[in-house]
Amino acid sequence: MTADTFTQFPVLSLLLWLPLVGTLLCLVGYKSPQAGRWLALGTTTVVFALSLLLAFSLERSAGWMLFEDYSWIEPFGIRYTLGMDGISLLLIVLTAFLQLVAVLISWDQEKSPGLFFALILILETGIIGVFLALDLVLFYLFWELMLIPMFFLIGVWGYKRRVYAAVKFFLFTLGGSLCLLLAVISLFLLHGEQTGTYTFALEALKQTDLSFGQEMLFYLCFMAAFAIKVPLFPFHSWLPDAHTEAPVAGSVDLAGLLMKTGVYGMIRFAFPLFPSAAEKSLPILAVLALIGLFYAAWIAYLQTDIKRIVAYSSISHLGFVILGLAAWNQTAWEGSLLLMINHGVTTGALFVIIAMIQRRTGTREISQLGGLWKSQPNMSAFFLLFCMASLGLPGLANFAGEILILIGTFKSHAVWAAIAVAGVLFSAMYMLRMVQETIWGPCCEPFDKQDLISREWLILIPLAVLVVWLGCYPQPILDPLREPISLLLRQGGQP
Amino acid sequence: MTATLLFYILGAITVVATLLAIIQRNPVHAVIYLVNSFFALALIFYLLGAPMIAAWEVIIYAGAIMVLFLFIIMMLEISPSSDPVRSAPGWAQWVPIFILAIALASCTLLLTGLDPVIAEGLPRWHASPRDFGYALFKEYALAIEIVSFQLLFAAVGAFYVGRLEQKKSQREGSS
Amino acid sequence: MIVPMEHLLILSTILFLLGLVCVLAHRNLIMILIGVEIMLNAVGLTLVGASAFWQQIDGQIMVLFLMAMTSAEVSISLAMVVYLQRCKNSVDIRDFDEMRG
Amino acid sequence: MILLLTLTLLLPLLGGIINACFGNHLPKPMPVIVANGAVIGSFLACLGCLSSASGDGLRVTLFTWLSSGSFQADVGLLLDPLAAIMALMVTGVASLIHLYAAGYMQDDSDQTRFFALLNLFVFAMLTIVLADNLLLMFLGWEGVGFCSYGLIGFWYRNTENAAAGRKAFIVTRIGDLFFTVGLLWLFALFGTIGIEAINGQVAGLDPTTITIISLLLLGGACGKSAQLPLMTWLPDAMAGPTPVSALIHAATMVTAGVYLLCRMFPLVSLSPIAMGVIALVGVLTALYAATCALAQREIKRVLAYSTMSQVGYMFLAVGVGSVSAAMFHLLTHAFFKSLLFMAAGCVINLAGHENDIYLMGGMRQRSKLVAGLFMVGLLCLAGAPLTGGFFSKDLILATAFAKGDLFHQAIYVIGIVTAGITSLYSFRLGYLVFAGDFRGEELPDDLPGLMKWPLLPLALFGLFGGLLNLPHLFGGYSWLSGWLNTDTDVLHLSLNSEYLLSGTAVGVFVFGWLIAHLRYRKFVRRESGLISAFLLAGWQFDAFYDRLLIRPFRGLCRFCWQGVEVGLVDGLIEGFARTCISWGQALRKMTNGQISNYLQGFIWGLLLIMGWFLLRAVA
């Protein structure tokens, strides 16, 4: 199965539309809940297998590993172009894996499971589409497509304040993406005027020479959409609500994937399209990232709901990722992407464990939890492992990314890195407080004393192995990243 | 010359009559004043060279619509929202309308009697019924058909709204 | 033309405004309809005036249509008044305020 | 040879993983056997590859851990003389402690978790010792922190233990921050994080950067070795089981800081200011800890403070520029302090799990062997002549005195005073615990054998530790400084001043013993005065830090949460939403069903249009 056999067969489109086929089947099999579950599991496993196959069989190259380009809406120059390079390959593998985990963890979903799993699969299509699309309109389409299933996932299957959280999430992201649409269209028109050819292709739009004011304006519009999604400091208030109210599958996807689409958007679209504006905005980006890093950590320290603590911790980690991007050099960017993938795995695992805790004790309030180690040692052991990974213990997942970011940032801006290092301390404080309140201390009385069941073992073991493996030997993740990042950085102007 | 003078007088009468019409508490009084105002308006139309319209004004507005108003007011026994304090003695209420009627009558006489131009029929430019008829049924034939539809719909509508009335009242009566 | 066009227009504007005041000021449905009648007549006057001014017959034909429309309108609105009076046993418009936000 | 080195490191890891993952499924005794086997195997492997450690040492690189762009951090092991003796000490003491722990934890239900963590701890400690680059050392550094967190909070049932574990982890993590910044800076400067590479190219740097970097490294070392600014966690860490205190808080973890400074000695020694600060921190901590130990009521807290004091001495040794003195004291201290801790464990068991020394006493009759071993440890701690402790402490004080300038003279004086206090509190402990009659209530049964005989080798090493680095004054040829080939810091003092120094040391020892003898010979219950309460609470540092750091931090978090998050960010959004709703309500009220209002609307509209056209017509 050499790489060239892939070029004839449109494997990217297959990868993209497979989940949608799964959705249709789920909806068809709406009557029996069993059908929905197994179909979803089947589809996600096939997508995961396909992504792994791609990951292993394609050779690493700077440009696009796979590229597909068909004309779509001719009059407006909108083309159906999909491209996969090292970065999007890894993010797609992460997506496929986390969706599989999401399906497995919400296995005993009793409230209209057919629809629930259909929404998860639509979400998967949306996310994979975002990571593959190279035509701005196609990208925008998938960017919006992601929004709708997540809105329903939070709004229908969430917890108490789900409607509030869903609407807030929807309005925030929609506001951002409207700015994005505005910028895309005006860029399209501007490009058309200058060069005569009206197209939305990313490569073509890079050539439009904009005055500084225009470039800054477009850059801000793009960044508004992506900063809200990341979320960067001032726009983050939707995340804690969305996370705490979302069902476990929703929060795994939200934390694991949706936040990554924001960062991916920055790297793929915002920075290459407007390099000089990007360079000017780096200090502001770094300052916002640092504020977000500390601010979220301080707030997480006093939260009483463990899911909310993990939500704030993801804001803090994404602040770290953005700091890496702002340092604008090879090591920092590789660190950021590595931390993104590690964070996806660890936070996804944390949410899975929190769901298990909630299923056993019926609550997520820190005051009512305690001493879970006595009744559920195995689960608590996994919980301890994932918390340690999340607070950046060396040898586990997040540390590898964080140390690379720190090294990269120290080379270009020593002060930023020194400040960021203090952030790592605060992440330890709130994580340890959470661990202390849930598994150590006097025992609360969980009404379901049972430790992990076989299905839960099936989810947790791969996650734990991945967390340890990403921490100890992240080279296989860093190799495909190296060339695409150097390519993006060279386009960005600075070495 | 007298035509312009007459126009101003009639204009004054119309304005005064309308003013009095809208001040009235009692709708019946208002209708009476309004009829008077419409007559004055008809004369103005006539002065402006639109004898057909003047005639129709009298027939349709003063004749049909105001009568319909009166009919409805009578039928519904709408008690006049008159405040007892101000009601003048019986005959006093009729003084203003009486004066207006006299003024109007004198204008019509003036119009028909004295002005030589009118003596030999009609003022300088006027739309005689002949060319009015020609214009109406040659250029606006289609418009006439549509207006006839309109009147038909109005009739059906009024009938329907009115008929609904009995069925509902029977139901109310019975329940 | 016997009178300068401006005077004619002034007269019709006065009439129109009187009709308007009648519509706005009164509570009684019938009086409102009368006000509307006055306004329509003012428009009729303007049309006739314009037809006299331009010495064209079209203005007068328009007045004819206007009258047709007015009679249709009056018939339906009075039917409605009767209906409303039967429903609420009053013709004061303040009682008919179900159509509110 | 390389296989042996990798085995030294990986055996404890293997033991830890086996226990952690499959411990519960193995039959009862297996986890203990696996753990002990792993550590003893690692000790033997370390012995095996000891021979090749002389000279420039043995290197092996397992695999590349992290490499991106110019940054290259691979898992490489370096066994040079310094690392060899340290590794030997760590694995040796650890295997003895594991045997002791097998006896100590016999009746505990959660043994697998204990031994898994203990093995992982030894692995992490060995990573620090054997790492050839700073990042791998940092991995060991934090791994040790995590394992001590897990082990201190082992009896997690009551929250104090877990809280003590958390406190230890966070305070050491503060130290780790300085270490990280130092590491980043070194990489930014030299482009590599290999320890030998850095020590090699260190000459070309300007002094200020060297000073700052060494101070950062000192910060990291202070965090881990519980020195002055970051020392509040060590006394609370006694909440863990005794083998943990013996291993972590006597022999290995606390000495990691000293080991880091010794490892980076070529870098640190280049800036006199940094050396001065290290010496000062060391001697002040020694004084502080010694005074606190005087007033402690619990047996393990006395030993904890004495550890802090002795590690202060090691910092002093590094501060005055003698790596061999530091390592010498580190070794002897490891032996007699772990001996003392384990003996304390036996004493606690004998006194029916009673920690408070005021409620003990008369343990001599309970068990002659434990009493004897405990006294040996105390003698070494107090620095009785001819014992290991005496020689190592005397060497440090002599090196300090040999420096000659006023600053080092003052340090020498403080050092001697602290030595006096040390012998005072060690004999106080001895008398209170062993002299007089038993003041506790019930008398439990005897000790399991495993808790007694591992103490013997340590007692021997403690007593005869002096032979390791016997100064030529007493006929030795200071083998250790030769082995560490750090001949530069051999003392060049005139003969009689050396006699004078050791004489004062003996005098101070006797003086301390005398006071303790007079005061604590017969136990008399004194109400605790103001000073002893102050000392008991460790100079109120805990309360001081609480008020200075923790309370403002909690206030800051509350401000961030309630003030900024709920108030500002959410407030803005909710406020915006509320205004929209209120405007909607206002507009809704406008359509109140009154027809006249609607007509007015028409008229306003009409006026607007007319006005607009008028304007257009006029303009």
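The letters A, B, C and D name the chains in turn, as written, and every chain counts its residues from 1.
In this text, a contact is a pair of C-beta atoms (placed from the backbone, for glycine too) under 8 Å apart; a residue touches a chain by one contact, two chains touch by 3 or more.
Everything numeric here is computed off the predicted structure, so don't read it as measured data.
Using the contact threshold fixed earlier, the set of chains in contact with both chain A and chain C is D.
Among the pairs A-D and C-D, the greater number of C-beta contacts is found at A-D. The geometric centre of chain A is 38 Å away from that of chain D, both derived from CA atoms. Chain B has its Cα centroid 78 Å from the Cα centroid of chain A.
Taking each chain's centre as the average of its CA atoms, chain B and chain D sit 109 Å apart. Taking the mean of the C-alpha atoms as each chain's centre, chain C and chain D sit 98 Å apart.
Multi-chain contact residues, meaning those touching two or more other chains, do not occur anywhere in chain D.
With chains as nodes and touching pairs as edges, the resulting graph is an open line. Contact annotation for chain pairs lists A-D, B-C, C-D, with touch applied as defined.
Those residues of chain B that touch chain C in the complex are listed here as 3-4, 7-8, 11, 14-15, 18-19, 21-22, 27, 30-31, 34, 37-38, 41, 44-45, 47-50, 52-53, 56-57, 60-61, 64-65, 68-69, 72-73, 75-76, 78, 81, 123, 125, 127, 131-132, 135-136, 139-140, 143, 147, 150-151, 153-155, 157-159, 161-162, 164-165, 168-169. Interface of chain C with chain B (complex): residues 1-3, 7-8, 11, 14-15, 18-19, 21-22, 25-28, 30-31, 33-35, 37-38, 41, 44-45, 48-49, 51-52, 55, 57-58, 60-61, 63-65, 67-76, 78-83, 85-86, 91.
Taken together, the chain A residues at the contact with chain D in this complex read 168, 234, 236-237, 295, 298-299, 301-303, 329-331, 334-335, 371, 373-374, 377, 381, 388, 393-395, 399-400, 403-404, 406-408, 410-411, 414, 417-418, 421-422, 424-425, 428-429, 432-433, 436, 439-443, 472-475, 478, 482. The touching residues of chain D, counted against chain A in their complex, run 20, 24, 63-71, 113, 135, 138-139, 141-143, 146, 149, 153, 156-159, 162-163, 165-166, 169-170, 173-174, 177, 180-181, 184-185, 187-188, 553-554, 556-558, 560-561, 564-565, 569-570, 573. Only residues 20, 23-24, 32, 93-94, 96-101 of chain C touch chain D when the two sit together in their complex.
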